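Paired with chain B in one complex and with chain C in the other, chain A is shared by the two complexes that follow.
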Partner chain A sequence: MASNGAIPFWRAAGMTYITYSNICANLVRNCLKEPYKTEALSREKVHFSISKWTDGKPEKPAIRSDSPEE
Partner chain B sequence: MFRQTSRLLARTTGAATSRRSRAFSTDVPATPAQDSNFIESWKKVIPNIDPPKTPSSFMTPRPATPASIPSKITVNFVLPYASELSAKEVDMVIVPATTGQMGVLPGHVPTIAELKPGVLSVHEGNDVTKYFLSSGFALIHANSVADIVAVEAVPLDHIDPALVQKGLAEFTQKLGSATTDLEKAEAQIGVDVHSAMNSAITG
Partner chain C sequence: MAMAALRREGRRFAPLISPRPITAVRSPPLAPSHEDEGPIGVRYVSTQVVRNRMKSVKSIQKITKAMKMVAASKLRAIQTKAENSRGLWQPFTALLGDLPSVDVKKNVVVTISSDKGLCGGINSTSVKISKGLHKLNSGPEKETKYVILGEKAKAQLVRDSKKDIELIITELQKNPLSYTQVSVLADDILKNVEYDALRIVFNKFHSVVSFVPTVSTVLSPEIVEREAESGGKLGDLDSYEIEGGETKGEILQNLAEFQFSCVMFNAVLENACSEQGARMSAMDSSSRNAGDMLDRLTLTYNRTRQASITTELIEIISGASALEG
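Presenting the complex of A and B:
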């Protein structure tokens, strides 16, 4: 197995590759020119509902409609 | 029962020796469109019904490693939401690997390269198409097929230089004032991505 030696700085700080990749993608999207920027940001919007479970029963669900976070 | 054992044993050792006789593990044979072992065994047991199709028969077969170096590489450039280039034959691609800009010509040694934010350029004859990639991977196979996957890729003229400068200034300032490791890492990522975009639009 090729071992490159140096650990990337983001992994040394506790970040995973997927977090790093999503941050990079968000930064690129935020620097686009106008029609492309709104297209890209609207493409990436997520809408989901999340509920925590305790004692085998779901609690009240919370609906999240964020643009994706890091 | 014991007659079956010798047949099964012969089959596994037969497969093992044929694998060992191939030159490199990275040389890829063409994938068969159907699994011939499965079809033969099916026909012996149930000759009247057609054998069912297996997943491999639905996929386009993988091209074999040609004996001599082909003249063009086949590029598959995909994003999560779109397939930018699909089996396009080109002369060369330059990918922004973490180890530097890497030029890929037909017959390139099989490589898996992690990509850093940078410019991907596709050279076909005299045309060069450039995209700015946010990050991703480039997989180059022995049969001169290159798969490039990225999360976000934009043509260079979709990038707004004013926003890039603003972002670069903002993240350089955040890098100076960051305290925790995570903040420093995030600010560093911001500086890297913005300076890559900057050199892509000005370079």
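Presenting the complex of A and C:
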């Protein structure tokens, strides 16, 4: 892959495109006026429980419950 | 008075203490609390037992009917979301194609299932297809790993494919499904798993009665480059102009991540719709079965009741005729 232009700053910081777009979306949501702002922010809450397995053994599950990423 | 006593008997069937014209030849086993023996040795089930069973079957029928209506209302809510999300991945398929037959070294099978049960056979079909994909893609130098969403697939896959599991994700439906949630999830998967090709297994929602298990394939950027060289649909990628000073490799990487996120979003929504639809039809058939069971039990109950009344009548009359001579 030829390095034509510089690597975008977010990729250099270790973020994926998805993380980048989520942060941008959150910024846009924060620009809304009340009451739409609280509605939008509460709509986008995240909750799931993820557990990584190695060699057939589960590790302790981590619960990712946060409001949209900051 | 005898008839009144008999009627009381038929309704309550309590142990026999009430005053009746008892003749000396009355057979004791006619006191029914459990097995009932008529004079010829024909056996009937006690009406008490049948009545209890009828009561429980009726309440089960009510519960399943209520569950069906709840599932129908939930289905209405997510169906529009699912149909709208189809527009997210269609451009990707138009651009990059969907190549399930691609031959890669590191396959990751993402199985999507539900957390709750009582939804018919959809989770078993997803797991069956995942296992089939695993077998299809196994061979020298090739490996297949599982990423599991949902409790039901976890329960089935943990039993025999323990060492191939990479990640397990549950409690996804605590909040109503949104793109943010699924994209965070997709991000976590991408960070934790090395892959050449991701195969997402879910149940596509065609209509309330038809859920088709489908596999969507998302390739990693390196494999896209490889396939582009061999021509075919991906070979046209070079004919696109790239704006913005990024290289083709970077764009492919961004596209691959975004494609995965969009395909996952659609897959999770469609699977949720299929789950509610399957639950509707499962609860509907179970209500109908409960209704049939209730009919049969009612017949048994009436038959038993009438038979016992008849035997009492026979006794009384034979007793009376014995007295007369």
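Please note the rule applied: the second predicted complex is superposed on the first by the 49 of 70 C-alpha atoms of A that agree within 3 Å, B and C clash if a C-alpha of one lies under 4 Å from a C-alpha of the other, contacts with A are read in each partner's own complex, and residues count from 1 in each chain.
Everything below uses one rule, namely that contacts are C-beta pairs under 8 Å (C-beta built on N, C-alpha and C of every residue); 3 or more make two chains touch, one makes a residue touch a chain.
The model shown is predicted, which means the values in this text are computed figures rather than measured ones.
When the two structures are aligned on the shared chain, A:A25 is found in touch with chain B and with chain C. In the superposed model, A:V46 lies in contact with chain C only, and not with chain B.
With both structures placed on the common chain, the touch criterion links A:G56 to chain C but leaves chain B unconnected.
In the superposition on chain A, A:A13 makes contact with chain B only, not with chain C.
Touch counts on chain A: comparing chain C and chain B, the chain ahead is C.
In the superposed pair of complexes, A:Y36 makes contact with chain B only, with no contact to chain C. Comparing the two interfaces of chain A, the one with chain B and the one with chain C have residues 8, 21-22, 25, 43 in common.
The touching residues of chain B, counted against chain A in their complex, run 81, 98, 117, 132, 134-136, 151-152, 154, 157-160, 163-164, 167, 181-182, 184-186, 188-190, 193-194, 197.
If you check the complex, the residues on chain A that touch chain C are 1-5, 7-8, 11, 16-19, 21-22, 25, 43-53, 55-56, 58, 61, 63-64, 68-69. By the touch criterion stated above, chain C contacts chain A in their complex at residues 162-163, 165-172, 174-176, 178, 180-181, 183-188, 190-192, 245-250, 253-254, 257-258, 261. For chain A in complex with chain B, the touching residues are 8-10, 12-15, 20-25, 27-34, 36-37, 40, 43, 70.
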